[in-house]
Amino acid sequence: MKPATNVRAYRGFFGITLLCLFILYAPLVVVTVYSFNDSRSITVWEGMSLRWYADVFVGPESGKFKEAAFNSFTIALVAATVATAIAVTSATAIVRAGRFRLRMPSLGLITLPIMVPEIVLAVATLIFFNSIGISRGYLTILIAHIAFCIPFAYLPVQARMQGLEDTFEQAAMDLYATRFQAFRRVLLPLMIPGIISGFLLAFIVSLDDFIITNFVKGAGVETLPTAIFGSVKQGIKPNIMAISTMLLGVSVIMVAISYFAAKWDNTK
Amino acid sequence: MSQVAEIAVDVQNAVKRYGDFTALKSISLGVYHNEFFTLLGPSGCGKTTLLRMIAGFEDVTEGAIFLFGTEIDALPPNKRPVNTVFQNYALFPHMTVLENASFGLEMLGKSRAEAKARAGEMLELVQLSQFASRKPAQLSGGQQQRVALARALAPSPKVLLLDEPLSALDLKLRKAMQIELKHIQRETGITFIFVTHDQEEALTMSDRIAVMSAGELQQLGAPREIYEHPQNRFVADFIGETNLIEVTISEVADGRAKCRIGGGHVIECDAPGQASGSACLSVRPERMVLSAGNASGIAVPARVVENIFVGTDIATWLKVDGGPEISVRISNSARSTIFEPGANVFVNFEAGAARLLMD
Amino acid sequence: MAGGGVQKGRGPVSETYAPVRYPLLVPAWAVLLVFVAAPVAMMLVYSFLTKEFRGGVIWEFSLAAYDQFFFDRGLFGDEPPRIEWTYITIFWRSIWQAGLATLLSLLIGFPTAYFIATRPKDTRAIWVFLITIPYWVNLLIRTVSMRFLLREQGPLNDTLLALGVLDEPLRLINTNLAVQLGLFYSYLPFMVLPIYAAVERYNFTYSEAAADLYATKWATLRRVVLPAVKPGVIAGCILVFVPSLGAFLAPDLLGGAKNFMIGSLIEEQFKGNAGNWPFGAAASMILLTLVLIALLVATSLQRRAEGPR
């Protein structure tokens, strides 16, 4: 391909793409590198060390971080599981149950949590729990996370279901399967890549959340983001960079799984 | 076929409407037991809709469908003893070939062993036993087609529905599968209802054909009957090649009509009951011959426009004096005379070769 | 946009599960009505209540929250009302910051998306993957990393000083630019992905036709490519603008007190005893209204860009 005759190529776009990737990755790389810094100060480089990773697990703040990590991961696991289950049933109703009056309103309701700004949803949820007299804690965080994770679990599930022709289930019912058997034996297995993507997205969104959690958590219960935020307010310390790097690793693993789930087309 | 033909599927005044759109306008037809029955028509004519109504994937807006005397139109597809071979096969991609073929029997409550055994027999019937443990994606199009057939036959349906099952195959494979399908139909003795838009395929395979257009049944009959005696202009035009010549009927007597072609030439041919006014004459290109002089029978003067070589035949396009353009097929052999463009000739045909169509 | 492409108008929709459609929807309706819709309605109610001094509300109707937002009636509330600029300024600054962040994302995101979409098919997925990875990384961690990078004694300044590009360190932290960079960094993938999808669908024969008719490259881009991919551009802009408008972390961690945005204003009303819940609810309602307006404008622009089909 000679550039002179290629009407698609624009000079400079490649450079901007590299700049874009640089901006996206530079902060992450810097934090990862400095998490291995042996120094107590974050400004001076004093050689490689794992001391801040050790500090996260056995240091003075380790108890707080372990509890926060436990909260974060259990909440993300439960919230993503429940949200994905709800996403699958509602996608079946919206993609596979014909037209009906409540179809578009249902879709609107399901996507509502991503249309409303997060801070507004946080305020609304806080006010709601306060007005019905539920005291804030682990349970309120969990409920709020289930609610706002639903659209994130829903969209990949819906996309996958729309990509699957309904002749598979029709063939199953033609071969004497009941509606439930057609769902269980044919639709659900074919949905697995979409379900994995939806679950992972919901999981990461729950793990990621700071604002809503910060509003509904109440005193004493922390998740990793609220614990990190509280710590950062007093200045960035090296142990925070170690935690960040570990969380970054978790994200990269998740994104890799999701990438392969998306590529995995079990209809072929 | 049995002496007193039993009716397998009886469609009575079936109507299908989607909102304001009417896909089927009151269709009635009966399919005999053990018959290879074809629904033929261009896309959008309603043939697939009718098939899906028999299978149970579409509700019947009005009318009724009976299967061996039992009304089935209110039953869900899994309660109807009919099976479908889908256009894109719809083989379950996450199951092996054998699991696909035994699915129906398992759903009917047969034990896994029994279902697998019967499925194995069916795979043998379609000569795919050695592929039993493969996934559908590992098979060729023709093989997938046969798995779909085995899967639909395994539960021994009372009627097998086939929705354009050969359309995804290339020409050569399609011809082979046509013969194989016909063979399997004879061997199993199951009633086949076959949907296609390919008139040649329909003529080759069917015991009877229902020609459909715009949601209506145009003609129902054996292939030869439909080809030789089309009832209307649509059927004449859709089945095979034909010349449709606009004529004016000047006189009808003793079941014979005198028809005037545009330029003034008059042809006499058999007339249907209500013949009068303007009509249309259908003459197949292969039923006409060309000659230099005035021969016996019907002879229409015309001028040769062009000769087109089409392999076995030569298609000669002619302009009838003061009338339409027509085509005549001359067999490509040493004995045939080919007239050069510009030559004045006579187009000869038997009176029986022309069919007068009122609509 | 968020409808995710469910068939709306014509065309058949599969009816396999039609008889059980309502049971299937019960869980979603139950959770979302109770824990999303009802709370938003409750927030609207709270914005019309009287504030309790130690946080919370007194159940007495009052317009005080909205009045406080728009009008200044003096220290004792007895002076003739004047326009109160404090909160309007914060909102205006938020709109402005979010707008600049969106513009920055567009300027960098469009060429990136275009470049990726014109890669050979087999390498395209890798580029898209590279753009999406940061989105999966915790937003707080990304913002903290940005803060660390931009600090006065941070790696950016160190590098630039060492290279001799600068004589004295740049003061980036606690500036508007830092907030814009943070917002840009937070939501850039949302800009790239819809534009990428649009460019990928674009038929490059149009570009060839334009070039054939003597258009320069930039004329082709402006007059042929851009109009064709406009719906994607609008979707990208709205996906960056809306979350930027209500963002909390980037302004809080990168902007500092001088560069207060809506998110921080609202958050402050619910912290400890100093807060004012009705005022926070009212500010949230105003933010929600702004977002709805932005969505409506985007939808109508998009409809116009797509033209009659």
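Per-chain numbering from 1; labels A, B and C assigned in written order.
Here, contacts are C-beta pairs under 8 Å (C-beta built on N, C-alpha and C of every residue); 3 or more make two chains touch, one makes a residue touch a chain.
Here is each chain with its UniProt name: A = Spermidine/putrescine transport system permease protein PotC; B = Spermidine/putrescine import ATP-binding protein PotA; C = ABC transporter permease.
Since this is a predicted model, take the numbers as computed values, not measurements.
Across every pairing of chains, the maximum count of C-beta contacts belongs to A-C. Relative to chain C, the most remote chain by averaged C-alpha coordinates is B. Once the centre of each chain is set as its mean CA position, chain A and chain C turn out to be 18 Å apart. A separation of 55 Å divides the Cα centre of chain A from that of chain B. For this pair, chain B with chain C, the centres built from the Cα atoms lie 59 Å apart. Contact of a single residue of chain A with at least two other chains is seen at positions 170, 173, 179. If you check the complex, the residues on chain A that touch chain B are 165, 167-168, 170-179, 181, 185-186, 189-190, 266-268. Residues 2-6, 8, 13-22, 24-25, 27-29, 31-33, 35-40, 42-43, 46, 56, 108-109, 111-112, 114-116, 118, 125, 127, 129-134, 136-142, 144-149, 153-155, 181, 184-185, 188, 192, 204, 207-208, 210-211, 217, 220-221, 242-243, 245-249, 253, 262-263, 266-267, 270, 277, 280-281, 284, 287-288, 291, 295 of chain C are the ones that touch chain A when the two sit in their complex. The touching residues of chain A, when paired with chain C in their complex, are 7-10, 12-14, 16-17, 19-21, 23-28, 30-31, 34, 42-43, 85-87, 89-90, 92-100, 102, 104, 106-107, 109-121, 123-128, 130-131, 143-144, 146-148, 150-151, 155, 158-159, 162, 166, 169-170, 173, 179, 182-183, 204, 207-208, 210-211, 214-215, 224-225, 228-229, 232, 236, 240-241, 244, 247-248, 251-252, 254-255, 258-259, 263.
Within the complex formed with chain A, the residues of chain B that make contact are 55-57, 76-78, 82-84, 86, 88, 90-94, 103-104, 107-108, 137, 151-152, 155.
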